[in-house]
Every structure is written in C-alpha cells, then in structure tokens.
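Two complexes come next, and they have one chain in common, chain A, joined by chain B in the first and chain C in the second.
Presenting the complex of A and B:
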C-alpha cells in the first residue's frame, strides 16, 4: 500500500490537471455556488507551497543544528544562518509585520545590495574566465570567438561607433540581430522542443507509475 | 619576444583592477556614446503603450530580484512612467517573492516623481501592486478565472481590493480586462508562465541580457510581441520616452567593460600563440 496509494494519487492528480486544461466545462465546474473545483485545487497547491516552506525551515534547522552540536567545520556559519533566518522571520511576524521599518530596511539596505553585489561580481569573473578560456585552438573556437565579438559589439554603443548600423550589412548590430534571430532562434527552438518532449515522457512515466524513484526507499 | 609570451599569464589582479576602472570611470564621467533604437525588440513595446487609451489596464510582472535590478530596474521604471504619462492603469504582480518589495520601491519612486510633476500616479486609482502570491503557475492560472479570490483580495501592502477603485475593474484577468502583459523576467519562474498559460494574450517581455538569446525564438514565433533586451533595452526605452535616465548613463560603462573583455581575449591569444611558437621552436 505504501507504493500503490501514492502512485494512484499521482495518476489521478495528473489526469485531473490534464482535464482542467483540455476540457473547458471542467475548468468552470462549480462544486457549490461561486466556488469552482479548480479554485479549490489551486488553493491546495498554495497550501502545499506553504507547507513546503515550513518543511524546509524544519529541515534547515535540523541540518544546521547537527552541524553546531557536533562542532563540524565552519559551524559558526550555521549559527549565523539560524540567527538570520529566525531573526528575520520573528521580526516580520511579531514586530510590526512586513511593512514595518526594520523589516523593510533590512530588505532595502542589506538583501538587495548583497544580491546586486553577488551578480555584479560576474563582470569580473567573466573577464577573467574569457581571458583564460577563449584560446584559438581550432576552427570551432575561431567561429565562437568571432560570433562572441560581433554579439558583444552589437549590444553596446561602442559597436555603433566602430561600425554603424546604418552602414553596410547593418553594422555589428545588423549581424548580431541576424545571429540572434536566425541560427540562435532555430537552435533554441530545437532545444526547447527536445526539453518539452523529454518532460512529457518523464511526466507520463511518473503518471503511469513506471517511474518510482520519487517515492524514495519504502521497502 | 619574451614579453609577448607573458601576455598568456596576466596577473588576475590587473584584470580585475582595469575592469573596475572601466566600469566606474564612465559612470563618473559619461562619454556619451550613441545608442541605437532597436526596431524589432524595443519599439514594439513602446508602440504598444502608445496605442492604448487612457484608462486601459495592463498587467506587469516583477520576476526578478536585486541581482538583476541593474538591468531590469531602469526598464521597469521607464515602462511604468510611460504608462502613467499615457493614463494607462497598471496592476503589478510578482512571480518572485525576493523581488516583490524591490519592484514596489522602484515604482513608488517613479510615482512620487510623477506626482511632483503634476502627472497622476495615485496608488489604488492609477496603479496597484498586488505582489507575490504563493502557489506557482497553478495560482497564475487561477488568477485568470478569479483574480480577487486567487489573490485573497489583498495587495502587497495589506489593502483590501474593496478599498482600491482600480481593482473593481479587474475581477478576472482576461483579454477584455487587460490590454496586455509586461513581464520583467530574470529566470524561473518567468516567461514560460505566460507563453504556456496566457498564449492568446499580448505578451511583452523585459529580459536580462544573458536570457535574450533564449527568448528570441518566442519573439520570432510571435509568442511575445516585443522585448526589452537588458540594459540597452532600458536605455532605448528611456530615449524613446525622451527621458534619459540611469540606463543611458550606464551604457558607456557597459561598452567599456565589453571592450576590456575583448582586449583581454586578444591579448591572451597573442600570448598563447607566441608561447606555442616558442615551444615548437
């Protein structure tokens, strides 16, 4: 039963979700006045999201609690993580809510700048890795480098200064646009179709109970 | 030619220092390089807002966080400013909870500036920030059928939809009530939510530069009608609106950063070639 019940539930829910999208009357089917079946299912998904968050909180506490208790390497960071996680949650829950000054200040003055800083550092890493990795070793690397140069110059104002978009072939911008719109779009679509076909196959395997790894070890 | 061989192993500290100077210097002292308006990506977004009537409602989505604010922040602000100037009403949702408050702060800043200029940008009347609602794409699907119910009838600030006049015109998110969607996306969840669940809608996208190649096929196929591509997209929109701002200012820095990367690649290859030749000899 440990295996059969989840498999049957998964199959039924997949079928239900499929029918919602394929059959218009089912999407609008009301279980009672003004309340559709789909809205109830939608709220259950919201509830599951919240439960998932709660489970994550418990799991994170357990994992980092163990690290602290056993004084594993870098355990002090685990202490910091738990302080920040619970501190921010408590601040939002019990001290004026999410619109309180301290709560919004932490977001505006710490979280956003830290996030921006992390992303900004990419400029330095890309410069360093482009310098080390972009070596002309064969024909493929030459093609890749030429395309990269054209796309970079086509994206920035400097490219316009060197080769204007109003001149022959539309300048760097014209060639960049062609690269993006034709070869790139074609390959992106091919990759996309491949991913979706793979996803459909995976969903079908899960729905039909052929794929059981998501159940974990139940024996 | 020993010194040329040394170009193969430039000290990373120099790479970082020159990159920092290349980025900071143009911000402090702008060069003023020309910016070309992209007719296939940026102009359709601008023309879409231009074609709307005062009072029409559009929906915007903040699907990014602080990491992408440098690129998507100016896009969002310019687009919102345009809507307010045209009298187009804006309802904002947020697929990313980490960017929810950031999006509100950016819009509030523009709204205050416009109010000071005498242009109406009153909260609840001209725009509403619904923000993030947990539930993923299933909830976004539910918003189409019953927007109020799906959002628990409250905006991000905790205001009831009952108290927000604009929301009385937006009980369902359908093609009649909204004249299009503008999604500012930096990853997942993002654009696929709309191309999958809102396929018949007028969809426009503001994207970070690294994701533009991945979105080009949707533009070519007509799944999206327009695309603001990274910082250049924001800068172009600011110029179209005749209000140059942060994105225009940052474009020079982006040019210099790209130039340094290209110089590094050339130098690295010269060093690599000289070293290989010396080894062969």
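Presenting the complex of A and C:
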C-alpha cells in the first residue's frame, strides 16, 4: 500500500489536471456560487505548499544548530543566520506585517542591493569561464569564436563605429540580428522541441507509475 | 511548445463545444494521446521481451561514476543540486533519477554526499532517496541528515548559500542537474574555483552556454530526460525514450511538410495545429 497509493494518487491527479487543461466544463465547474473546483484544488495545493515552509525552517535550524553546538568551523555565521532568520520573521509577523516600514526598509536596503551584487558578479564570472574554456581547437570552435566576436561587436557602439548599421549588410548590428533571428532561433526551437518531448515522456513515466524514484525507490 | 510551429495565421472557429477554446487544444490532445499510445506500445514490447533500440552512449552519464570515483580517491565530498525544484515539475522528477544514481554510488563507495535545496517539500523527498541509498548499501549509520540542506527559496539566497558551502566543504565533484536560472554560472564557477569536476544536465536553453563554458560535461535538453531514463536500465523505461524519438521524427516530417506547403501558399498544416 505504501507504494501503490501514491502511484494511484499521482495518476488520478495527472488525469484531473489534464482534464482541466482540455475540457471546459471541468475547468468551469462550480462547486457553489463563484467557486470552481479548479480554484479549490489550487487553493489546497497552495496551502500545503505554505505549510511545507515550516519544514525548511526546521531543517535550517537543525543544520545550523548542530554547527553551533559542535563548534564547527565558521559557527559564528550560523548564529548570525539564525538571528536574522527568526528576527526578520518575528518582525514581519508581530510588528506591522509585510507592509510595515522596518520590514520593507530591511528588504529595500539589504536584500535588493545583495541581489544586484550577485547579478553583477555574473559579468566577471562569464569572463573568467570564457577565458578558461574557449580554446580554438577545431573548425566548430573557430566558427563559434568568429560569430561570438561579430555578435559582441554588434552589441556595442564600437562596432557601430567600425562598420555602421547603415552601410552594406547592416553592419555588425545587421549581421548580429540575422545570427540571432535565424540560426540561433532555429537551433533554440529544435532544442525546445526535444525538451518538450523529453519532458512529456518524463511526465508519462511518472503518471503511469513506471518512475518510482520519488517514492524513495532507487530503481 | 506547439506554438513554435504556428505562423501568424488566424485561429479557426471553435471546437465541438466541450474543449477549452484556446489555440492548439485539439492538436495538443491529439499529440498527447498519440505519444501516450506509442509509449504504451513500446512498454508492451519491452515486457514481451521484444527488442527495443538501445539509447546511444551519453558521455555525461558516464562522467557521474568517474566524478564520484575521483571524489572517493581524494576523500572529498560530492555535491548535487538543482535550483528549480517544484515538487510537481518534470525537471524535478528527472533530477530524482540522477540523485538516486549518485546516492547509490556514494553509498557503495562510502563517500559523503551533500545535497542543497531551494524547495522544502522536495528536500524531504531528496532526504528519503539518499537515506534509502545508504540503507540499501548496508550503511544506514553513514547517512548524515545534515548533509541534505535547505538553503533558501530566494534565488540569490540559495546561490550564496551553495557557493559558500562549496567554498567551505570543497567538494571534488559538483553535479548541477535540473532547471537553472541566472545562478547557474555562479554555482559552476564556485565549483571550478575549488577544482571540482563538474557535470551539468539541464533543459534550460538560456543557461546552456554557461554550463558548456564552465563545466567538464554538459547534457543538453533532451539528453537530460533521456539520461534519467537510461540510468534506470529498465527496458520498460527505455520504451518511453524510443516513443519520444519516434514522435520527434514525425514532428520533423510535419515541419518539413508545413514549411513546403506554407511556401506554396497553403496554410493547411498551420490551421490543423492551431485547432
């Protein structure tokens, strides 16, 4: 029963969701005035999802609590993490909610700049990984390097100065636009079709009960 | 995805009353049923012992065992993670196949495995998979629940947590398997900085260039899903991969016919797909 019940539930929920996508009477079926079956099920899923948040809190507390208790390396950061996590949660819950000034100030002053900082690091990381990885070894890498060079010049004003977009072939910008619109789009769509088919096969495997790894089985 | 095949044509009139009046509802239903029937047929062939085509060798799949072996020799842990971990998402289901495989290898080699998570519900499933792996390897006491960690559901909170963990724990193998967004390059570079062997498998086309540049092996798009099936080594599951290949061939033929028809001025295929 431990295996069979989840598999049957998975199949039934997959079928239900499929029917919601396809059949209008099911999608708009009203349990009572103004409330559809679909909205009720969506609400219960959202509710379960929110309750699961506590499991994340418990896991963080347990992992970092153990780090503090055993005085592992950098345990001070675990103390700080727990103080910030519970402090921010208490601030939001008991001192005015998410719209309160202290709560939004912390978000705007700390979290938003941290986000921007991490994003800005991407530029440096791409430079370092490109420097490490891009080596001209064969014909494909030569083509890739030439195209990358043209696309880069097509995006910057230096490229416009060297070869204007009003001249022959639209300059670097025109060639860049063609690369992005034709070969790049074609290959992305081809990969996209493969991804769609692969994901659908994965869905079918789970819905039909062939895929049991989410139950803890290793086969 | 069917919208990729649609050119700018007007949608035809609606559709037998009971179907949701969005574009491509009937075409999507037809494709779904066709592929479902194909999967069923291939599974029955596999169960009957009839020959099923083998999945071609995927280099990235063999790298998993090589990377875990390297980590075992160096005495350093293995790290596996995915960012987008919604428990109802097919990328997560495919990730579980890789997690089960890596957990099995780590349990049999007695190597420490660290799994970081951005989703609390999926974390509980991951913990169960890894625990089961150690149990089946006869080493239940070697399983450390603190090595299955929830970082944050906030994108860069998760990224910073994982990057910091990689810098501290210095894993010898870093597996980035699943759907990623902008954090992909930061995670891959964090692994490269500690000298980890890195294997990426993703269906996120936007992140593929970053993984190709920074990882030792990258499994692209469909290979990610086919690899998840190949890891099970069950002919019944291979059948679903064969069905997907047959469907792909059929779609390519449809695309070619549609392109030719559209060139000569007929929108027959486009109208059929938009129905």
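Throughout what follows, the second predicted complex is superposed on the first by the 209 of 219 C-alpha atoms of A that agree within 3 Å, B and C clash if a C-alpha of one lies under 4 Å from a C-alpha of the other, contacts with A are read in each partner's own complex, and residues count from 1 in each chain.
The rule we apply is simple: a residue touches a chain if its C-beta (ideal position, glycine included) is under 8 Å from a C-beta of that chain, and two chains touch if they have at least 3 such contacts.
Everything quoted here is computed from the prediction, not taken from an experiment.
**Student:** Based on the superposition on chain A, does the combination of chain B and chain C result in a clash or a fit?
**Tutor:** Fit.
**Student:** Check the residue A:211 against both partner chains and state whether it touches chain B (first), chain C (second), both, or neither.
**Tutor:** So A:211 only meets chain C here.
**Student:** Considering only the touch criterion stated at the top, classify A:60 as touching first (chain B), second (chain C), both, or neither.
**Tutor:** After superposition on chain A, A:60 lies in contact with chain C alone.
**Student:** Check the residue A:192 against both partner chains and state whether it touches chain B (first), chain C (second), both, or neither.
**Tutor:** A:192 sits against chain B and chain C alike.
**Student:** Is A:142 touching the first partner chain B, the second partner chain C, both, or neither of them?
**Tutor:** It touches nothing on chain B or chain C.
**Student:** Can A:83 be said to touch chain B (first), chain C (second), both, or neither?
**Tutor:** In the superposed model, A:83 contacts neither chain B nor chain C.
**Student:** After superposition on the shared chain, which partner residues are touched by A:128: those of chain B (first), chain C (second), both, or neither?
**Tutor:** both
**Student:** Which partner chains sit in contact with A:9 here, chain B, chain C, both or neither? Use first/second/both/neither.
**Tutor:** A:9 contacts neither chain B nor chain C.
**Student:** Quick check on the superposed pair: does A:169 touch chain B, chain C, both, or neither? Answer first, second, both or neither.
**Tutor:** Once the two structures are laid over each other on A, A:169 reaches no partner at all.
**Student:** Once chain A of both complexes is superposed, is A:99 in touch with chain B (first), chain C (second), both, or neither?
**Tutor:** So A:99 only meets chain B here.
**Student:** Rounded to the nearest Å, state the minimum C-alpha distance from chain B to chain C in the superposed three-chain model.
**Tutor:** In the combined three-chain model, chain B comes within 5 Å of chain C at the C-alpha level.
**Student:** Once the two structures are superposed, pull the chain A residues common to the chain B and chain C interfaces.
**Tutor:** The overlap between the chain B and chain C interfaces on chain A comprises residues 27, 49, 53, 111, 114-115, 118-119, 126, 128, 130, 132, 134, 188-189, 192.
**Student:** Okay, in this complex, where on chain B does chain A touch?
**Tutor:** That would be residues 10, 12, 15-16, 19-20, 23, 33-36, 38, 40, 65-70, 98, 101-102, 105, 133-136, 138-139, 141-142, 145-146, 149-150, 157-158, 209, 212-214, 216-217, 219-221, 229-230, 232, 251-252, 254-262, 264-265, 267-269, 272-273 of chain B.
**Student:** In the complex, go through chain A and note every residue touching chain C.
**Tutor:** Interface residues on chain A, with respect to chain C: 18, 21-25, 27, 49, 52-56, 59-60, 62-63, 66, 73-74, 111, 114-115, 118-119, 121-122, 125-126, 128-130, 132-134, 188-189, 191-206, 208, 210-211, 213-214, 216-219.
**Student:** Flag every residue of chain A that touches chain B in the complex, lowest number first.
**Tutor:** 27-28, 36, 38-39, 41-43, 45-46, 49-50, 53, 97, 99, 104, 107-108, 111-116, 118-120, 123-124, 126-128, 130-132, 134-136, 145, 149, 152-153, 155-158, 160-161, 165, 173, 177, 180-181, 184-186, 188-189, 192
**Student:** Note which residues of chain C are touching chain A in the complex, please.
**Tutor:** On the chain C side, the touching residues are 1, 4, 18-21, 25, 28-29, 32, 35-36, 39, 43, 90-91, 93-94, 96-97, 99-100, 103-104, 120-121, 123-125, 128-129, 131-133, 136, 145-146, 148-150, 153-156, 159-160, 168, 182-183, 185-186, 188-189, 192, 203, 205, 208, 210, 212-214, 220-222, 224-226, 228-229, 232, 234, 236-237, 240-241, 243-244, 247-248, 251.
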